[in-house]
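Both complexes shown next keep subunit A, but they swap its partner, so subunit B is in the first and subunit C is in the second.
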Partner chain A sequence: MVNRPLEYDYTITKMFMLTTIVLGIVGMLIGVILAFQLAFPNVNLIFGEGLAEYTNFSRLRPLHTDAVIFGFTLSGIFATWYYVGQRVLKVSMAESAILMFLGKLHFWLYLVVVAAVVVSLLAGVTTSKEYAEFEWPIDIAVVLVWVIFGASIFGLIGIRREKSLYISVWYYIATFIGIAMLYLFNNMEIPTMFATSAAGESGIGSWYHSVSMYSGTNDALVQWWYGHNAVAFGFTVPIVAMIYYFLPKESGQAIYSYKLSLLSFWGLMFVYLWAGGHHLLYSTVPDWMQTMGSIFSVILILPSWGSAINMLLTMKGEWQQVAASPLIKFMILASTFYMFSTLEGPIQAIKSVNAIAHFTDWIIGHVHDGVLGWVGFMIMAALYHMAPRVFKREIYSKSLMAAQFWIQTLGVVLYFTSMWIAGITQGMMWRAHDEFGNLAYSFIDTVTVLHPYYTIRGVGGLLYLVGFLMFAYNIYKTMSARPVEEHELQNASPMGA
Partner chain B sequence: MDIAQLQAYGYFILTTLLVIALYGYIYHLYSKKRDVDGVDYENYSNMALKDDISDAPVSAKSHDDKEK
Partner chain C sequence: MFHWLEKHPFFFAVGVFLVISFAGLIEILPNFAQASRPVIGTAPYSTLELAGRHVYIKNSCNACHSQLIRPFKSETDRYGHYSLSGEYAYDRPFLWGSKRTGPDLMRVGNYRTTDWHENHMKNPASVVPGSVMPAYRWLFTNNTDINTAFAEQLTVAQHFSVPYNQPVPMKDGTTKVVKMGSSVANANAIAIEEAKVIAADMRDQDVKDAVARGEIPEIVALIAYLNSLK
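== the complex of A and B ==
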């Protein structure tokens, strides 16, 4: 037996990198189809009347959101955890056969759940709760996957060499605990087979159907406590974990202030959980709860900007790196979009602004400048940084990466600017009335006016998808690019022309 | 006092305590500058920068581990 020096083991990272890319393509492709369906309704019949049941907007919409949240983003989180976790704890997965087994089990079970989700959503099986559409058998499988993820996190922490936990690890732990709590409480449901109707019938409906344990306003409150914090613990916390590792590592710069990273962490944990009420402004939820949702949303600017500014200041004196490296460009723009959407969100949560913004496309614009600009850019940057290290090869093409950056940036800008205009136009038109209080416009008037902006949004989304395909190609070609030596991998990632 | 009032007082007290704890933590970070092991918090950035498996940990988990 050859006694080789200990190395980090990236087997599981590679597996999840693959699903990040595949599910990213699926989620974004469906998104682009949906955008064009809104602009050109005939796209609903893209594969003819016979298949319209599967290709219409309402059937595809949950597939888009769930593929991006639970497919692309979650895979990115898992891939980076199995990479960053080992490195900052200075322990290899290869040192523990149990952790390796758990990691593989994590991946394969996750794939089974993804398959079940795709099939069931395409078949129209859903609980109708936004971002929580999965029926109870899938929910149980999701919990199992999550428990294994937790076992991997705490297992790796248990055998670490580094005593303290790097700030990214804190964020990964928060992701694990936060999502576990949210998912369990929002998916409390009773299978209908256990229900008995007023007339005494039992075993109602299909075996896989269920009803929420909450009803009415309570159901809405729990749903948006979940929905908003899914953004917190799926789209914010783990992505902050990534940027706190990948930006300093790629640029070779220590975090501007490690103390600021710690206090921003606790600030974010403290404030985020209370902000969900802003989804229910002007609803039947108690007024004080709505006000609390607004106030906490505004306070949320502080810890969010604490992390984002910390990242921008990490580049202090090193801004030439931003110009020189497209990989750093992705991360700096991600951080900038994070600042931008965490300012926009609180503005929308102010009651008087919300009176115009609620139910309009401005909200869709807000979600997308966050997810395309912040989450998408950061996950792609993380994969670009990891690829040369896990494949021991240079990134296939720097110029392709740079082109991708500008194409996608243009896509995001087209997306959110068109949605700003569309949303505010909508909001104003819905409210407009004559001197007697009669509404000035009917719904179809807004649809006509919004058509050009919906088309621009579709084009913006398409540009982003094209960029993502360039990213997938670049990573694919990296697997057979020029091999690199260990010393080339210290900081800035090696890139071919 | 009914349950809603108790909840309201409980919520207010909890929020106040959390605010005090958070600001206390910030004060602690910036006044002490070092953690209980005497490591300057800013040194922990090196956990990302020097993260090869052969690099020395910023503060090793135990003396035995350091030997490895």
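== the complex of A and C ==
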């Protein structure tokens, strides 16, 4: 056997990098539109009265969440898997024609599903369940895409040269299994087209309509077991996989502690699934489940902070890199936002806090400091690190990256601070009573008071979108930037001025 | 053990699956039988109400409105009696929502009228000054899909024994029979009868004319659903 470095094949990575960026822009743009619709309701009519049905808040809202979760984030997860997987397993995609075919099939089928989702959500075809809005034909396609993803993961593992699975691979495997289990059980539904009337008619009504297998409280329980853990296995587990690979690689530092990563991984796996009940506090699900949800949410701080601290300590003695490299800045801030968000979540899961926070914008704020600060920053950092290696060129502009970092950081801060104030203000106003024991405010009083915060949130979101467009431009220009030699790609990514 | 698992991907994956499925088994399964029993006074949705529920879902009303009243004085003062599990027995899917950009709607049928909803959907700010809710004018021209609602009634009656065409007990000691059609034509006839009752209280002449012609604009079905929320 000739002893030379492996040539990894990044065909599939490149494809998913493209969808990460395109769907990121789509998802965030819709988000900004939604934010301004709440501040200025006339924005519901941006494309006129005729298209109002398709541009109004309620029709666009699921499209925003799904574009960011299943478009931007999932593409980022796939892009990094097809990059990280090869490298830590020491095997090239080019070595297996089957895996290459599966990878391409994975991408194109994924695109078909994305197109179907966009059309169906705009048309109002939805099951109403958050992040599980798709009707049964799309669900089947989603399962197919996921099975191919699994075949890719285990196929690559099957032909690996490095026998020991690196930490990132643990997290990718967990992502695959977790989402598979959750998605299947939450989307159990019966298509209504099979029903037969007393007169013997069948195939009545829409062919794509279905009815949930669970009703009422049970349905809620399964949905939030799914909803919460879709966050776990979509926004946490695979993003941790990324930071465990990209931070040590970019900084040239070894992971601080193997034992800590072990504890965090198995701890996260065990604890996370229990915490779903915190979405249902004071609802009609049994009290003991609500309490379990609260308690495990607080315990969840341990494994979450375990990973985050492991990352921060990996930079021990090398903190000058944070000042020197905007790419390291992105990852360190991502890790910091992860700590912040995983502390905020458990606080909101405490019953007495939840009584105020639930149903308010504080929850929206929490989601966004996690997704913008942690998920978004980490995926962009991953793409920035991969781009020079995939294109064999230096990153187009370091100063543009640095400017982007500060603009987006400001955007995130404006976003979550305004939503904190909005949420707590509204939560307190809802429960306020006057001296005679009557409600102090009508509902609309608690809406109009939020106008300034909704406006600030819109501006914060807009700044983040502007930063994301700078990121897209930077990556685009990287494709034609100065070519680099292999030795420049060891650790810190090469960047142009 | 962990070192061994890291070299054996299959067993590693099995390990992960066991660890994550544990919580679901313990938390979710035991409650299933109990939580699905209806309380007295809870009846299945009629054809038009169910079609209206589909309109509600189609427009993601649940993105901004909850249907879950928590057991706090401030909530029961504002929205009525706190929610009971059995009241949701016929809700597939549940529509609790996760955000109150607008108020809760669990018992909106107790304190809002057909007339109020009609004006509100046309121009929310005319009824509630300062409202950030968009207008839903297309509901006045789009027609309701009654057939799909009928297919759903048939499905739940067959698979989940939802008691259509059977007496269900009401709070005042009487019983109520919710009709389900015997054929597509019959189901549509039942729905149009329900729609006429709603349209009689409405002002929009186009809607009234449509119902008289035998069509059901989405707004009529939606109001029928909202009025049923009590």
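Following the convention adopted for this analysis, the second predicted complex is superposed on the first by the 481 of 497 C-alpha atoms of A that agree within 3 Å, B and C clash if a C-alpha of one lies under 4 Å from a C-alpha of the other, contacts with A are read in each partner's own complex, and residues count from 1 in each chain.
Methods note: a residue touches a chain if its C-beta (ideal position, glycine included) is under 8 Å from a C-beta of that chain, and two chains touch if they have at least 3 such contacts.
Computed from a predicted model, the values in this text were never measured in an experiment.
*Asks:* Would subunit B and subunit C fit next to each other on subunit A once aligned, or clash?
*Replies:* Result for subunit B and subunit C: fit.
*Asks:* So, does A:254 touch the first partner subunit B, the second partner subunit C, both, or neither?
*Replies:* So A:254 only meets subunit B here.
*Asks:* Would you check which partner chain A:168 touches, where first means subunit B only, second means subunit C only, and both and neither mean what they say?
*Replies:* first
*Asks:* Who does A:262 touch here: subunit B (first), subunit C (second), both, or neither?
*Replies:* A:262 sits against subunit B and subunit C alike.
*Asks:* Taking the superposition as given, does A:92 touch the first partner, subunit B, the second, subunit C, both, or neither?
*Replies:* After superposing on A, A:92 lies in contact with subunit B but is clear of subunit C.
*Asks:* Quick one: classify A:245 as touching subunit B (first), subunit C (second), both or neither.
*Replies:* Only subunit B is touched by A:245; subunit C is not.
*Asks:* Have a look at where A:270 lands relative to subunit B and subunit C in the superposition and call it first, second, both or neither.
*Replies:* The answer is both, since A:270 touches subunit B and subunit C.
*Asks:* Of subunit B and subunit C, which one touches more residues of subunit A?
*Replies:* Counted on subunit A, the partner with more touching residues turns out to be C.
*Asks:* In the overlaid three-chain picture, which partner chain does A:52 touch, first (subunit B) or second (subunit C), both, or neither?
*Replies:* The answer is second: A:52 touches subunit C but not subunit B.
*Asks:* Identify the partner contact of A:6: answer first if only subunit B is touched, second if only subunit C is, both if each is, neither if none is.
*Replies:* So A:6 only meets subunit B here.
*Asks:* So, A:209: does it touch subunit B (first), subunit C (second), both, or neither?
*Replies:* Only subunit C; A:209 stays clear of subunit B.
*Asks:* Quick one: smallest Cα-Cα gap between subunit B and subunit C in the superposed arrangement, Å?
*Replies:* 5
*Asks:* Find the residues of subunit A that appear in the contact set with subunit B and again in the contact set with subunit C.
*Replies:* Looking at subunit A, the two contact sets intersect at 163-164, 262, 266, 270.
*Asks:* If you look only at subunit A, which of its residues touch subunit C in the complex?
*Replies:* Per the touch definition, subunit A meets subunit C at residues 37-39, 41, 44-45, 49, 52-53, 56-59, 61-62, 124-130, 154, 157, 163-165, 170, 173-174, 177-178, 181, 185, 190, 192-199, 201, 204-206, 209, 211-212, 214-223, 225, 262, 266, 269-270, 272-274, 276-277, 279, 282-286, 289, 292, 296, 355, 358-361, 363-364, 430-433, 438-439, 443-444, 447-448.
*Asks:* Which residues of subunit A touch subunit B in the complex?
*Replies:* 5-8, 87-88, 90-92, 160-164, 166-168, 244-245, 248-249, 252, 254-255, 257-259, 262-263, 266-267, 270
*Asks:* Which subunit C residues qualify as touching subunit A in the complex?
*Replies:* Result: residues 2-3, 6-7, 9, 12-13, 16-17, 19-24, 27-28, 31-32, 35-36, 57-64, 66, 68, 70-75, 77-78, 83-103, 125, 128-138, 145, 147-152, 154-156, 158-160, 181-184, 186-187 of subunit C touch subunit A.
*Asks:* Quick one: in the complex, what on subunit B touches subunit A?
*Replies:* Interface residues on subunit B, with respect to subunit A: 18, 22, 25-26, 29-30, 33, 35, 37, 39, 41-49, 51, 53-55, 57-62, 65, 68.
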